[in-house]
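Below: a set of structures, written as structure tokens.
Each of the two complexes below includes chain A, the first together with chain B, the second together with chain C.
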Partner chain A sequence: MVVALNAWLTLVVLLMSIYTVRHWIFTFSRVYGKQRMSFSDAYEEHPPSVTVLVPMHNEALVAQACLDALLASEYPKDCLDVIAIDDQSTDATNEILLAYAERHPHVKVLTMHGPERGKANALNVALESVESEFVLVFDADYTPGRGLVRTLINAFVDPEIGAVMGRVVPRNTNRSMLTRLLSMERAGGYQVDQQARYNFNLLPQYGGTVGGFRRRMLAELGGFDQHALAEDTELTAKIFQHGWKIVYDNRAECYEEVPETWESRFKQLRRWSRGHNRVLWSHLWGLVTAPVLTLPQRIDAGLLMLCYAVPPILLSGWAAALVLFLLGRLPYAGGVTLAFCVVLYNAFGNFAPVYQVATAEVLDGSTTRLFLLPYLFYMFPFNSWAITTGFIDAVGDIAKSRRGRWDKTARVGNAPPT
Partner chain B sequence: MPTPEGPRPARVTIRPHRSYRTLRVSRVTWPANAVSLPLGMLLAYAVLLLLWPRATAWITHVLAQNTPVTQSVSDNFLRIASTVPVPTLPSLSVVSALDVAGLGAAALVVAALYKQKNAPLPLWIIGNIIVLIATALWAFLQGRVAYDGPTYMLLLERTSVIMILCAPIFAVVVSALLPFSTLERTAMFTMLIAIDFVMSILRLAVFALLLTHAGVVIEAVLYLFFGPLIDVVYFITAYSLCVVSLSRRIARTESVWEWL
Partner chain C sequence: MSPVEAGLYLAYAVMVLLPLLPGLLELRVAADDDPLKIDASYARDPRFLGKSMRAKVEPILDAAVGEARVPFLNRKDEFARVTDGLASPDREQLSEIVLSRGAFRVGDHSEMLDVYARGEIELGAYARLRTLAGDRDARIGSHAHVVRWIDVGGNCEIGGASELGQSVSASGRLEVGPGVHFNRLFGKPIAVVSSARAELRALELGPLIVRTATARRLVKKLVVDAGADLEGDVIAADEVEVGAGAIVRGSIKAGGSVTLREGACVCGNIVARDTVTLERDATVLGHIFGDGDVVLHGGALVGDRHAPKTIHASRNATIAAEACIFGWLIAERGGTTAAAVTPHEDARTP
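After this line comes the complex of A and B, so read on.
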């Protein structure tokens, strides 16, 4: 038993070490390496027709800000359609959307009825009425800048590009400790992680918002899995397996409202974990054996898919350490110390090690906020448990062939920056 | 439009957008990184050799004079001498172990009913309670726990020594990613070692006192939640101070930002 527990602890440490090295290399590349840019400088005199989809369910607090931001876009109005999808809202969302549609001819409202609910299903239904080749998706709590549509669409000048992803920047950062910490996490995840993956030609992820795709490609891939809770990760997996590419555009910043309560964040993280781990189950093997991917891409695919399985693995390592302690066989000199160090490297923040978060904040020009770095420790038990519960949900879903329930993230509706 | 004879236009500073900023590497950065690790570890080892024996002996003496912790044990781990305070553990009874397990279970029920439990602090407390219950049940079933007072304190002391020796490794790993000045780098190494050293000595005393009063059932909780885990928080605290200094310096001298 002791041998088995030590072996398991060693494996956990090894896995953590792999992630540590991976993120260290990413951070190094982002700070000192050559940055791969998107297609920001490309300019087409006749911009293509674009449809923006905004799925909404009870988004009365934020719908207006999102639509106002889209209507202020510099993109030629005759080439831009906005479809606001009311996914069975029970608040004033539908009235708000209809009022916008009345005033603005290029805003259309799709009101969903029927038994199915959820973002993936809403997008599939909306796509049936889309004629543009290029589709962008924004969640309702996002406020895109005036030039964002054009910046994102530029990526499609390359015919191999199937999807594009921009950077998510919280706009309610200064509301609480939670929002500040989430803002730091986001910085680490986008400013460093996504950009580095793009630098190395690995697998930048399509994040389901502040991004878009080719309609033809999505049709080829069979659309979104309508029961997926992480339709973005599922699409990412399918895109790469079929030889398409994803561009990450770090310059395409869009502002979002991050959760302001722990309960809301817990539900969000749990849903992400549940959805992501279901995609892990269905696509891991396909990705790591995809002949169209290079070896580094396959390795990155495996690590990307596993990232929401790491916290439960980590907690199992912790449990092994507890049993070893009770048996009086805890290896004080190396194993456990290293385990704890590595645990912390990887569990600070949302899979963004502390040095990655710090580097992203330095690149962003932050100063005083960096005093909060130790407080990321505060997130460690929270993130670990939220993701583990999502993992358990996913295992239950797979075992019982049941569908996941879509837990909506509560909105606050702070005014966007002027 | 200013004319050639008119006032000169104000100096224009063009700052690259943060999206693709990179940092300029000074010529001394890489050699500094290369020598930091052996120098840092030497510094940590020297501090341990010189100060650890005195500090542990002092804290043991202070405890013996002022608290019920009067025993001690000597160690010579990695040739670093130490005198470690040893708690006199209250005898473990079946009743007390069950009491702890029962109270822990009750606390878990209360926590489960608490609406705001999905927040960092409640989850941290719940984690502590679970480990506490596991230890109490183990003690109840086995009639003892694996670590007696001296063994436990030596485990803690040796772990602390390793963590202090590991501090420079942490510092090198994180400092290689940003262009710290020599002063900032030195400050980081010094702070990491100093803070961890002081807190480790304090921890020896606090753990010895807590164990004297609460007994073996809290051994695992203390070690797993407030042992090496907390050392890394000290490291990151020191690191964050240096990163703030670096970031402020960079903000003042935008010339260090690199164009692509």
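After this line comes the complex of A and C, so read on.
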């Protein structure tokens, strides 16, 4: 048993070291490397037709702001269709959407019925009535700026690009300590992580919102898996396996609302982890062996797919270390192992390691909010627990072939900053 | 527990909690808790600089009566001279910003700061200026030196051997002479010396523009035979060469360079990790994005009158006489117009 525990602990430390080095490289690339730009300079007086899908379930608090923002877009109205999908809401969402559709001919409402519910299913149904080649998706709590639709669509200048992803920026940062910490996590994840992966031609992720795809490509890939809880990650995996690419556009920024309560955040993380780990199960092997990917891309694919499995792996590593410590059989010098674990714990922190978050905040021009960085260390156990719970859910789903239920993030309805 | 042990535990607790203290102050009196500022009204526009300046100077022009000297925005050292029109001789040095309700004309070897004119603009040779915005046509002599930018509401003609600063944009035709150095040009079209032949071809080919091809082929390297007709997008790991007179009805993405031989045509976009070269009379109806140089030989055509496009060169751009571009030309490391593409520039192409 001691040998097995030692081997496991060594593997965990090795895995964490790989992630640490990966994020160091990302951070250095963002600060010192050449930044790869998207195609936002592409000038089009007559841009292609676009359909914007906005799936909604009980979004009465935020629906209006989202639709108002889309209607204020500078994209030519005759090239822009908006389909607001009411996914069996029980609040006033449907009435709000119908009122908009009545006033604006290019806003259509799709009201969902039937036993199936969830974002992936709603998008699949809506796509049946879409005619334009390019489709953008926004969640209902997003408020896109005037030029955002055009900026995102410009990515499709490149015929190799199957999907585009913009940057998500929390708008309710000043509500609580949680929202401030989430804002920092988001900054690290987009400003540094996604941009660096795009710089290195690795696997920037399609995030399911503030993004879009080619309809023809999605049809080739068989549409969204309607039982997926992380339909965005699933699509990302399929896109890269089939030789398409994803563009990350750091300048395509859009406000969103982050959870304001710990309970809501826990549910969100748990759902993400459950969905992501199910995709890990179904797509990891396909990605790391995909002949269309280069070796660095395959390595990045593996690390990307594993990221929501790392907290339970890390927790198991700590448990192994503790047992070995109590048995007096820790490998190397006991204190060194412990220190190494603590360093790695801090380094990996919250999926966007602290130095990555700090770099992102500096690039964004933040000042005293950097003082909050140490709080991310203490948020890590919370994140780890939520993700581990989602991981266990996913293992149960796979073992019992069950689907899992879509658990919507609660909205508050903050107005976008002016 | 001994006092030493207790002290050690206490010291440990203090060290663990110490990093939290500055954050506690920030949480108590939030000084930096606003969301990241996104300019929601931002929309990309090649003529943004000119439009922005107009929005600022129009109220000044409207408020001033007759000829006047007024403060200019919040600049402490500079004043604006409001006039109904200005015509100056050679070697004039204008030390004030000029806002003209009418025409603006200066002779050779003149120097000026910012100029905005609602009427026609005419600058002699060897003019040195900071910024120029006009609502009608502008004609600028050879050897001009622009520090910042030019934006013209009509057609714009610029003589050879000029330095054009950061950007020159015109809502109409932008015609530049040979030996001009630039960073960004925008016009419908941008013509080097004369582009009549290419413009005539644009009229014939415009309707062929392909937005999204129905087929996609993944290849390592592609050579399209001369005179061939290829349908669909091409994704190549290495370089792509389109033979003389061949036509590709789709877009091209290449991991290396892309070369269009004489008279070849691509009806979609070109995205290349290296140099993009359009030889004599070659045509691209879509955008060109090159991570290397972009070289256009005489008679090359990009875009269409009804669908202006973008050429984006991450390095240099060389545009030969008689080439024609409908839209925006961006050269990150600077661009040059030339009477003809020299062997040196051609040597950079494969």
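Basically, the second predicted complex is superposed on the first by the 398 of 418 C-alpha atoms of A that agree within 3 Å, B and C clash if a C-alpha of one lies under 4 Å from a C-alpha of the other, contacts with A are read in each partner's own complex, and residues count from 1 in each chain.
The rule is short, and it goes like this: a contact is a pair of C-beta atoms (placed from the backbone, for glycine too) under 8 Å apart; a residue touches a chain by one contact, two chains touch by 3 or more.
None of these values were measured; they are calculated from a predicted model.
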Clash or fit, chain B versus chain C on superposed chain A: clash
Touched partner set for A:R214, first chain B, second chain C, both or neither: second
First, second, both or neither for A:L330, with chain B first and chain C second: first
First, second, both or neither for A:W281, with chain B first and chain C second: neither
Which of chain B and chain C A:F200 touches, first, second, both or neither: neither
Partner chain in contact with A:N250 - chain B first, chain C second, else both or neither: first
Partner chain(s) touched by A:F371 [first = chain B, second = chain C, both, neither]: both
Touching both chain B and chain C, residues of chain A: 253, 364, 366-368, 371-374, 378
Residues of chain A defined as touching chain B within the complex: 24, 27-28, 30-35, 37, 167, 191, 250-251, 253, 262-263, 266, 318, 321-322, 325-330, 332-334, 336-337, 340-341, 343-344, 348, 354-355, 358-359, 361-368, 370-374, 376-382, 385-386
Parts of chain A lying in touch with chain C, wherever the complex brings them together: 39-46, 48, 69, 74, 133, 143, 145-147, 150-151, 156-160, 169-174, 177, 180, 183, 187, 214, 216, 243, 253-255, 292, 364, 366-369, 371-375, 378, 416-417
Complex interface listing, chain B residues touching chain A: 17-23, 25, 116, 118-121, 123-124, 127, 131, 134-135, 138, 145-147, 151, 155, 158-159, 162-163, 166, 170, 173-174, 176-178, 219-220, 223-224, 227-229, 232-233, 236-237, 239-241, 243-244, 246-248, 250-251, 260
Residue ranges of chain C touching chain A (in the complex, touch as defined): 19-20, 22-23, 25-27, 30-44, 46, 186, 211-214, 216, 218, 233-235, 250-253, 268-269, 271, 286-287, 289, 306-310, 312, 327-328, 330
